[in-house]
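Here chain A shows up in two complexes: once beside chain B, once beside chain C.
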Partner chain A sequence: MSTIEQLSTKRIESGNPIITVWRRLKRIPTAVVAWVIISVMVAMAIASLLGVPLTPYSFDQTSTTLLADPSWQHLMGTDELGRDLFTRVIYGSRLSISIGITTAFVALVIGTIYGATAGYCEGKVDSLLMRGVDIAYSLPDLLVMILVGVLVGRGTQGILFALALVSWMGTARLVRAQFMQLKHEEFIEAARACGQPVFPLICKHFLPNAMGPIIVALTFIVPSAILSESTLSFIGLGLSPPACSWGTLAADGWRSLRTHPHLILFPSLFIFLTVLSFNFLGDGLRDALDPRTRLKK
Partner chain B sequence: MKFLLPLLAVALVLVLVGAGWNQKSIKPEPGCLRINLGTEPPSLDWSVTVDNYSFDVIANLMVGLTQYRNNLTCKPSVASSWDVLDDGKRYVFHLRKDVLWSDGKPVTAHDFVYAWRRMLTPATAAQNSFLFYDVINAYEFNSGKLKDFQQVGIKALDDYTLEVKLRRPVAYFINITALSPAFPLRQDIVEGFADSWSEPEHIVTNGPFLLTKWQHEYKIELTANQRFFEGEPKLKKIKYFMVPEPSTALALYENGELDFIDNRSFPTPDVERYRTSPMYHNYPLLRNNYVGFNVTKKPFDNKLVRQAFSSAIDRDVFPKILRRKEFPSSCWIPPSLMGYDANSGPNFDAARAQKLLADAGFPDGKGLPPITLLYPQREDVRLVVEAMQDQLKRNLHVNVELINQEWKVFLATCRNDAPQMYRSSWGADFPDPETFMSNFTSRNGNNHTRWKNKTYDDLVERAGGEPNQAKRAALYKEADTLLCKEESPLICTYLASQNILVRPWVRGLEFNAMDLQFFKTVWIEDSSPLSFRGFSRGICRGSSKFESIKLNAVKSRQIPRIARNDKGCRISQRSY
Partner chain C sequence: MLLLILKRIVWAIPVLFIVATISFGLMRIVPGGPFDEEKSLPPEIIANIKAKYHLDKPIPEQYIIYMSRLVKGDMGVSYKYVNRTVNDILGDAFPVSLQLGLLGLALAIVIGVPLGTIAAVNRGSKLDFLSMLVATVGISIPGFVTGALLILVFGLWLKLAPVALWESFRHMLLPALTLSLSPAAYLARLTRASVLEVMEKDYVRTARSKGLSSSKTIVKHVLRNALVPVLTVLGPLTAIIITGSFVVEYMYAIPGMGRFFITAVSNRDYDLIMATTLVFAVLLVIANTIVDVLYTVLDPRMQVKG
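Now for the complex of A and B:
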């Protein structure tokens, strides 16, 4: 990965921290590539959500050309019912990407608030809150997701709710550990000594310093949420056909691995690219966000 | 990411080594047939079980009064002979004295009477009890109107003589005596062990194999029964594995860990790879697939909506999607049975379907409540219902939501309260249209559509007792038209075929259109070098076309007043 030296050039510092991070990120080639790929995927998902026709086919439109190999007419071939796989992959991105991002966002919000409270307060509040996390952790994810799926109902909302419910604990623990560590740092004590109230103290000093590990953790939540969704769909609690996600496409496609490998190749390629991109982006963001690299200059 | 490269290298080496090993290890396990059942059988209680997973195991554990041959005629079994008296209304079975239960006690007529009484007792709730409604007072007893079992027409005249009285002569009665609900039961075992009597440590059977091991959700093991009255079978052991995922089962077969796989373990796309292999066999089945409507639920309480849905389906796509030589059919009676007429069912006509839906008050599908279709979780079934969903959307502008359930849950849901639409199939219990037609009579426990029609009931009732073959066929045809075209509580889709891969060392295997998998004649040839040529022609046998399924439904010796049907019930000349 990129080194600190690479980043410490004059022009990247600016008054606005977001611009600084962006400029730093631009210096890391893998992160830029990952950023581009993720942007394309997200754009694709949004286009599909808005109903922009990117291909001449509809995702559930069957035809008589069954199991066709990739060609100019069908870029990724067709499936067992003659549906265009490219169209289905685009349609699938809508759910996979939005589930990944939403889950990560919910985990970020809930986990950070929860972990920050526990880490900042310490003592009895901390042990109470953390026992809560322990209990939530000890419940098997799949069981919770199935129960929620049954209670909330099938379909996208059910999946989103279930995944959000099982994915925030890791972030909470991480944030708590970061806060406890930072609390005894000198700059925090200095800020407190200057009389900074609690809320600005957390926002200005704790969070930016804890952000690196949180972002890295989030980049792992995104791909794991994409995969969990496919598990749910696979056991019949997720989407009902003909709706599809990359997970269901891959689950359906692997049966034909020996005869029609294109059915699994393309969905898995998209899952792979997205997961890899999120990992690279996370790595890049960690370097770009780390305030210690800024101090070193 | 640096650890990724060595990891990949290790994985590659493992794959290569694995591939190398595979080459060597494909050989039979001496004396043992290893097959995949696909799922845990819901129950081995042969009086109440209705699904074919359970029945495949039971068929090798038990024998009844009569037994099916592979050409689907019945031969004497526990009953060495029988007299047909009173114009076919009274049967007297003479039981062999050398048939023993696996604990050494003889099989007596009382065991049959007990089994039938238990099966017909309302509290047992055996769905298959309708098969016996031709026995005097059986329906009355089963529906709780009659409390005294003495009045039901089955009686043990002595230990080895069984008398059955029928309320009307029916052509297919002898076939019913070969079915699992008619098998004998040991009262001391069933009542002594209550719900666990069918576990290997308690069960007592009389067939060619014994249940020796049942590791739930993993494996059932049968071993040869040395006391079997026809002689000990050549196979020492049968192992039924329960691998639900077809691809996994196929991989096990390819690795030489299974000797025989069928549709349950054969992923649709992989059939392509084996089409020319001598290990591959395809034969037609007497199994009709359908999507039923629950007619008590809106909008399918309206006949026009049901007709519209049925007319909007183009059945010709199913063989193209499944690619296993399925036979598209819009009527309920299969082509090889009497009463079949391709025109009994509706033709595909999108314009007519739309008009019917508009007539029902839902022009272009507007105003319809949300519609759900329930299907069991299986790959080929998913493809079929997805294709239907798409056709309904395209031809009728109706959106149908698909919901899948695991097999046991699915069966329970359909039995308790079927959703608006559900996908199911029916395999023949005996080679006669009655087995299909009786499914939708109002008294039948398998009629999850809740559709009740007096005319239909009358037609099927009359056809069952009709001695004249031509008249009987006409009655069934009329009932079939009423069922599929006019009332349409179901959408018939296609007739299934069985696809098999079998290792060349499995000898003596025979196929039949009812998909009865009897293994008492099978043996494992594990010594000589194997030649594929002799094997594919000579040893595995079965019909190859739906119209020419070979059956001699009824023999005149068994039923005096009913004409012989020697032509094998060839009805249709339609080429396939």
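Now for the complex of A and C:
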């Protein structure tokens, strides 16, 4: 690539970093499709939360056609109480998606504080903090969540607590690594030499520069939280009715797999599509934020 | 090397001690117990049962009793499966889960490593895109969905394999396949990254420029080196397999550790929960020890440091 070309790319790429990342993300087809699917899912969840009737049925509507196969009347069929499955899946999206997003947010807060402390202090504090993370990180998430579930109960709050407990460690590691790298950058040294106190230094200079990888990591926490919740609910150690998430719907459907497979297939499809989209979006964001791919296209 | 293994074993003891203590603590903080049934029993009977299992003693004393038994290898009794000791139950369940886990792991390697290698070798091509699409689908699909689909298609419609129980090799096919898909996808992504890295190394270019054929270079030079980081994820892989076994054993009604763990948790069968947790911890410690040993075997540079 010639220097002129490089310069012209640079000019396009300068400006608001969010717009830059967005422009690069738009070049990745899988990420765009993923973004559209996620937007539709989130919009559906929010709309149902606000009471917009997306289907002609209500959540507890009991029709006379029990366990109907999918048809134009009931797009995904009905369950054993005659409830329209599509309506239930939309209701389920509220809980599943909000669990995913809440977990990511909690992981962001705890992980950033923990990782920032370790990365900024270095030395003994760092090795003590990170040793704890190493051990906890090697435990299987689901095992920890089940054991914690015994203690705190299996309601929505219990699940959220268990999810938060296992989700922040990846973020903490990442933030720590970012901080350690940033610490030796010249602009940080300059800011410190100017007498910038620690807290503003972290907020103004460290965090904005560490944000890219953190956002990528968060994008991967959402799908894994949705997966964990639905798996737990599926094996009967997570949410249970009347709570309605995609996991509890799948657990309901599992019992009638042999006779009415549509009851497990549709909620599963929604879990799968959402998780897949978040994974593709995460991959796309990582590529879009990676400085190594910056000048390639 | 022997010293390293010994060191690891010595290290494992406090780790397992902590796991045992934490799980004991957890089980005792929890309100309610294994004998809280819907139909309440007369107080005398409850007192008798509690006395039999030492549940009437103060918690520190219970802890000492538990630990002293544990040191002797006695993991207690099940409160729900009457007259069965935990050792007895786990003795039956562990081999089943071990078989399932090893088979799942083997399948994951057989599927994942070639998939990742093919993707890396054809970097940027349609084949690469397709392989990584398959791998991303693999990590995005919950175990119970794969299980339900496999049961539906191969078990109920095509009737190729039985869908439940654990009696013959045919019974193992669908569960092992269900278990293997998510670790296979994980391995595929990892192998691709690792192979890509090795392919840029000087010694690979040397081998190619000396006239070694493309396939021979990949098998002899690239894969050999690229598989080192892949082997070292045995720890996380074991964790994935353990987690997967909960779902798989639940779905296929397999009498293994995962299923006993789930029923023990919903029954509050304290000793059984603690014992299964401890066995999982031992498995993870073993997996991580094997990784450390493998590291020194595969990468002699590590020995100098250790």
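Basically, the second predicted complex is superposed on the first by the 197 of 297 C-alpha atoms of A that agree within 3 Å, B and C clash if a C-alpha of one lies under 4 Å from a C-alpha of the other, contacts with A are read in each partner's own complex, and residues count from 1 in each chain.
The definition used in the following text is that contacts are C-beta pairs under 8 Å (C-beta built on N, C-alpha and C of every residue); 3 or more make two chains touch, one makes a residue touch a chain.
Being a predicted model, the structure only gives us computed values, none of them experimental.
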item	value
Touching partner for A:T231 - first (chain B), second (chain C), both, neither	second
Touched partner set for A:L66, first chain B, second chain C, both or neither	first
Partner chain in contact with A:L81 - chain B first, chain C second, else both or neither	first
Partner chain(s) touched by A:C203 [first = chain B, second = chain C, both, neither]	neither
Greater residue coverage of chain A in the superposed arrangement, chain B or chain C	C
Partner chain in contact with A:F272 - chain B first, chain C second, else both or neither	second
Contacts of A:I146 with chain B and chain C, given as first, second, both or neither	second
Which of chain B and chain C A:P261 touches, first, second, both or neither	second
Common ground on chain A, meaning residues reached by chain C in one complex and by chain B in the other	236, 254, 257-258, 279
Of all residues in chain B, those that touch chain A in their complex	1, 246-247, 267-270, 272-273, 317, 320-321, 377, 379, 382-383, 385-387, 389-390, 393, 401-406
Chain A partner contacts - residues on chain C that touch it in the complex	15, 23, 26-27, 29-30, 136-137, 139-145, 148, 151-152, 156, 235-236, 239-240, 242-243, 246-247, 250-251, 261-262, 265-266, 268, 273, 277, 280, 284, 288
Complex contacts: residues of chain A adjacent to chain C	135, 138-143, 146-147, 149-151, 223, 227, 230-231, 234-237, 250, 254, 257-258, 261, 264-265, 268, 271-272, 275-276, 279-280, 283
In the complex with chain B, residue positions of chain A that touch it	60-62, 64, 66-67, 80-81, 154, 236, 240-242, 254-260, 279
